[in-house]
Amino acid sequence: MIALLVRDIRLAMRAGGGFGLGLAFFLIAVMLVPFGVGPEGGLLGTIAPGILWIAALLACLLSLDRIFTLDYEDGTLDLLATSPLPMEGVVAMKALAHWLTTGLPLTIAAPVLGLLLNLPESAYYWLVVTFLLGTPALSFIGTFGAALTVGVKRGGLLLSLLVLPLYIPSLTFGAEALRRGAEGMANTVPLLMLAGITLGTIALLPFVAAQAIRINLR
Amino acid sequence: MIALLVRDIRLAMRAGGGFGLGLAFFLIAVMLVPFGVGPEGGLLGTIAPGILWIAALLACLLSLDRIFTLDYEDGTLDLLATSPLPMEGVVAMKALAHWLTTGLPLTIAAPVLGLLLNLPESAYYWLVVTFLLGTPALSFIGTFGAALTVGVKRGGLLLSLLVLPLYIPSLTFGAEALRRGAEGMANTVPLLMLAGITLGTIALLPFVAAQAIRINLR
Amino acid sequence: MELEVADLACARGGVLVLEGVNFRLEAGEALMLRGPNGIGKTTLLRTLAGLQPPLAGRIDMPDEALAYGAHADGLKSTLTALENLRFWARVHGAGEGEIGRALDEFNLADLAERPAHSLSAGQKRRLGLARLLLTGRAIWALDEPTVSLDVESVRLFARAVERHLARGGMALMATHIDLGLAARALDLTPFRADPDRAGKAGAGKDSAGGAGKAARPPEDPFSGAEDLA
Amino acid sequence: MELEVADLACARGGVLVLEGVNFRLEAGEALMLRGPNGIGKTTLLRTLAGLQPPLAGRIDMPDEALAYGAHADGLKSTLTALENLRFWARVHGAGEGEIGRALDEFNLADLAERPAHSLSAGQKRRLGLARLLLTGRAIWALDEPTVSLDVESVRLFARAVERHLARGGMALMATHIDLGLAARALDLTPFRADPDRAGKAGAGKDSAGGAGKAARPPEDPFSGAEDLA
Amino acid sequence: MSIWEYANPKKFMETTARFMPWLVGLTAVTLIPGLAWGYFFTPEAENFGSSVKIIYIHVPSATIAINAWIMMLVASLIWLVRRHHVSALAAKAAAPVGLTMTLIALITGAVWGQPMWGTWWAWDPRLTSFLVLFIFYLGYMALWEAIENPDTAADLTAILCIVGSVFALLSRYAVMFWPQGLHQGASLSMDRAEHVADVYYWPLVLSLIGFGLLFLTLVLYRTRTEVRARRLKALEARERMA
C-alpha cells in the first residue's frame, strides 16, 4: 500500500507527471482575475477569498483525471484489482497521493497569491487554516468522481461536471469561513462543517469509489 | 478535409464525446462564483464581464486535450500524417471543429449566464459580439498548444500552463471591450485588437501547429 | 491445489458469450485456450481473474492464487524497467532477489535502467511477463502472452512456463501460435453461447422466476421479443 | 514503380539504431523484415513512412505511394466499423464500392454496424487491416500486422497481400511469424548501429566538418568521450 | 402477489399498457381545468397584478422537480438492493422529466421575479439550491449517456444519485449561511389563511395534482420506451451472435 503511495508520488514528480502543474494553474488562474476584472485594489480584495477558493478547486479538478485513467489505460488497474491489495486501500492511497501532490502545495502557495489579490492582512491565517481543512475533501471527492468515469474515454469534462456540484458545500463553507475570519466575525460553524465534510468524505468515499471501480472493470 | 470535420463533430456528439460538457463546465464555473464570493448582486454585476470571459476561457481549455491526444494514442494521427491530407489542413479543421463544438455554444449560452451574474442590461449585446470575435482565437491558440503537448501522456495540465498565458491578450481585450461597451464608453480599439488577434491566429497558427505535430510524431 | 471450472457462463458488454464451460487443471498442468477471434478467450480469462462476475457456474480455486496477464502490460512509461518490477514486487511482497531472478529469466538485465517508454514492443512485453514471477502465484492466466515476441524470446518464455509448471504451478493461456509446450488444448468453439436460447427461454411461459437449472445463466429479462409493439 | 533504400541510417529517441540499410523492392514483390526485438523494425518502417527523417541515406519512391500500418490501428472506439472505414475512404478518396470490398475481403460484413470498442482484439486488427485496401497505395509498410489474428484470419490476410502483389503492389512487413507468403526476408541484424563507432569517430582528428562519406550519419556532437572529465 | 412482480419487464409492460390511457385521461381532466380555472377565473391580486397567475405553473413544477429527484433516489436504491431492471430504467426515465420541470420552475420564477423583485435572478438560498439541483440532473443524465453497458451505467448512476443527494442536502444547508433572500416561504402548508387567499388555493391544488399526474404519465411513457430500447438491444445482440 505504501508502495503504491510512493509510486504515485514518484510518477507525479517525473517528467510530464503533473506535479507543480496544479500549482502553476492555480497561479495563472488567479493572475487572470485582474486581467478580466480590472486592476482595482479594493474590489480585488473583496473578492479575493472567493477567488482563491475557486481557483484552488479548479486546479484540483484539472488533475483528477490522472488519478485512475492512466492506470486504467495501461492495464495497471486490472492488475491491481487482482493483486492482494484491497481496492479500498488503493483508492485511499491514490486520494492521499493526490492531496500530497496538489492540495498541500496549493495550501503553501495560497498566501503568496493572496498578496497579488490584495487580500486583507487578517485573512492569511484563516486562508491557510481553511485550505488545510478543506482541500483533503477536494481530493477524496475528486477520486470518487474519477472512479465513476474511469471507463469513459477522455472523461475529463464529464468528470468536471460530476464533481463540481459535489464541491459546492466545501467551497461555500470554506469561502464563508475565510471571509468571516478575515472580517473578525465568528466562523466556528462553517469551519466545523468544512472539517466535518472532509472527515466524512475520507471515512466513506473510498468504499463507494472502490465499488465504482469494480463495476467499471467488469 | 470535410470528412475530418464531419468526423470530429460526430465524435463529439457521440456518448462520452464531450459536446455540451464544455457548456456545462462554463455554467458551473460561473455558478461557483457566487458561492465563493457571496451572493451580493451589485458586486457580482461589477465583476460579471471579467468572470464570464475567464470562465469561457477555462471551459475552452478543458476540452483542448481531446483535440489531438485521442488521435495520437490510438494511432490515427500517424495515419493522418501519412495520408494525402496536408497536416495544416488537418490542424485547421480540428480547430474549427473545436470552435463549433465549444466556442459557438458558449457564445449562445453566455447571455443566460449573464443574467445569473446580474450583468447590466447594456452589456448583453457586447457580450455576444466580443465572444463571437474572441472565441475562435481561443480554439486556434488551444489547438496550437495541444499540438505542442501531443506526445506528453495526460498533458492536460501542462497544456493549460502553456496556453493560459497565450490567452491573456484575448482575455484582456475581450473583457475590456465588454466592460467599456456595457458602460457606454468607446470600445473600438480593444474590439479591433480582439478581432486582429483572432484573424492572426487563424491565419498563422495552423502552420506552426502542423510543424509541431510533425516534430512530435518523429 | 487445483482449478476446477464447472458450467461457467460469461458475458461481455451485457452479451452472453460463453456457456457451459467445463475444465479442470491440476498442479503442474498447462492448458491452451484456442478458438477463433471473438470466441471469448479474453472474456473467460477476465472472469477467472475475478474482474467480472460469472453469470452462472462455479470456479473452484484457492483465494489469491491467480496471476492475470492481460493484453496490456501495466507498465508505467516514465519509470525504468527495474522500478516497474520493484513496484509489483512490493505489492506482492516479493524480495529483491526475486526481482533479479525475474530480470535474468527474461534477459532484461541490460534494460533494467531504461525507462519503459523507450523499450520496443517486444522488450515491453518481456518486462510485462517478468512481473508474473514476482506475484508468487500458482495459476498464471495469460492473454496472448507472446504478442510481439521474437523467436528467441518465445523460447525464453516457454522455458519460464516449464519451470513454473515444474514447481507445481499451473498455466492457462490464450494464444494463436504454438509454443512447443507439452500442454492440453481447450477449444472454446463448442461453448459459444447459443444466441437463440435466451430468446426462446424468455418467450416461454415460466420466465418469471428464472429458477431453472442452477447452472443456466439467468435470463436476460429484456430478451423476450414478443410484445415489442 | 520501385522502392529503393540506400545506405539508410535511422535513430529512435535520439539513439542511432540502424545504419547502412540497403534494399530494393520491385512491383509485385514482398519483403519480410526480420530481426530480434529491439533491432529497429518499427524505427525503419516509421522512417520509410516519412514520420521521422532519416539520419543519412536515400529513400527513393514516388510521393504518396506508401500506406503505413502501425502497432495501433487508428480506430475510433465510438464509431462503428463501417463509419471508421468510411472516414478513411473519404480521406483517401475511395468509393463506397471499395469499402464493401474491403469489408468482404476481411470477413467483416457481419461486424460493420458494431461500434469498434465492442470488437475483440483480433476483430479490431482485421478492421485496421481492411483500411489498407482503401488507401489505394502501392506500398504497404506494416508493423506486425498479424498480432492477435487467429489462423483463419492470418490466411485471409495473406491472401489479401497476395492479391495486392498480383495487382503490382509491394509489401514490407515486420513480423515474427511465418505467413506462408513467397517473399524475400531481410534480416536487420547486420545493420545494427555500432554503439562504439560514433564515439570512436568523434575522437578522431577530422571530426570538425563531419564531411566523411555522405552515407555516414552525422556525428552526434555530444558523443565525444574524451573531454567528459 | 407481490409488488415486485412489476419489476419484471414483461409484467410491467402488460400492466402499464392497460392503464396508460386512463392515466392520460385523468391527467387531462385535472391539469386543463386546474390551469384554466387559475388563469381565467381568479381575480388579480391587488399588489401582485396578473403576474400572480404564474403561480399555477411555477409552484407545481418546482414541487415536481424536487420530488422527481426523490423518486430517482428511491428507484436507485431499489435497483442497487434488489436489482430490478425496471426501477433502474424508471430512474433513467425520470431524469429528463425532472430536468424539464426544474427548467420550467427556473424560467417561470425568473419571469415572475422581474415584476416582483425587479430582477430576473438573485442568489437567494432557495433559488440557489434549485440551480444546484439542475446541475445534478445534468450530471446524472450525462453519466447515463457516457456509459455504453446499460447495467454498468445503472449501477454507477445509482451510486451518483445517492452520493449526490447527500451533497445536495449539504449545499442546501451551506447557503443558509447567506443573508436571507427574497423568496416566498411556504404557501400551501399548515396555515394557509396566512399565505394564499382561498380563491387561489383550490385551483392551485388542482394544478398540483395535475402536474403530479403529468409527471407519472411521462415517466411511465418514458420507462416503456426504455424497456423497448433494451429489448431492441437484446435482439440486436442475438442477431449478431447468430
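Read from first to last, the chains carry the letters A, B, C, D and E; within each, the first residue is number 1.
In the analysis below, contacts are C-beta pairs under 8 Å (C-beta built on N, C-alpha and C of every residue); 3 or more make two chains touch, one makes a residue touch a chain.
Every value quoted in this text rests on a predicted model; they were computed, and no experiment measured them.
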| item | value |
| --- | --- |
| Far-end chain from chain E, centres as C-alpha averages | D |
| Furthest chain, CA centroid comparison against chain A | D |
| A-C or B-E - the one linked by more C-beta pairs in contact | A-C |
| Chain D and chain E: spacing of chain centres that average the CA atoms, whole Å | 58 |
| Centroid distance [mean C-alpha coordinates] between chain C and chain A, Å | 37 |
| Gap in Å, rounded to a whole number, between the CA centres of chain C and chain B | 44 |
| Centre-to-centre distance between chain E and chain C (centres being mean Cα positions), rounded to whole Å | 46 |
| Contacts with two or more other chains, residues of chain B listed in rising order | 15-16, 21, 24, 28, 35, 38, 73, 153 |
| Per-residue overlap in chain E, given as positions that touch at least 2 other chains | 135, 138-139, 142, 146-148, 175, 240 |
| Per-residue multi-chain contacts in chain D, two or more chains | 71, 77-78, 118 |
| For the chain C and chain D complex, residues of the former touching the latter | 13, 35-38, 42, 71, 118-123, 125-126, 144, 147-154, 176-177 |
| For the chain E and chain B complex, residues of the former touching the latter | 110, 119-124, 128, 131, 135, 138-139, 142, 145-148, 175, 178-179, 181 |
| Chain A-facing residues of chain C, complex | 46, 49-53, 64, 66-68, 70-79, 83, 87-88, 90-93, 131, 135 |
| Chain A to chain E touching residues, read off their complex | 144, 148-149, 151-152, 155, 158, 161-162, 164-166, 168-169, 172-173, 176, 189-190, 193, 197, 205, 208, 211-212, 215-216, 218 |
| For the chain B and chain A complex, residues of the former touching the latter | 16, 18, 21-22, 24-25, 28-29, 32-33, 35-38, 43, 46-47, 49-51, 53-54, 57-58, 62-63, 65-66, 69-70, 73, 152-158, 160-161, 164-165, 167-168, 171-172, 175, 179 |
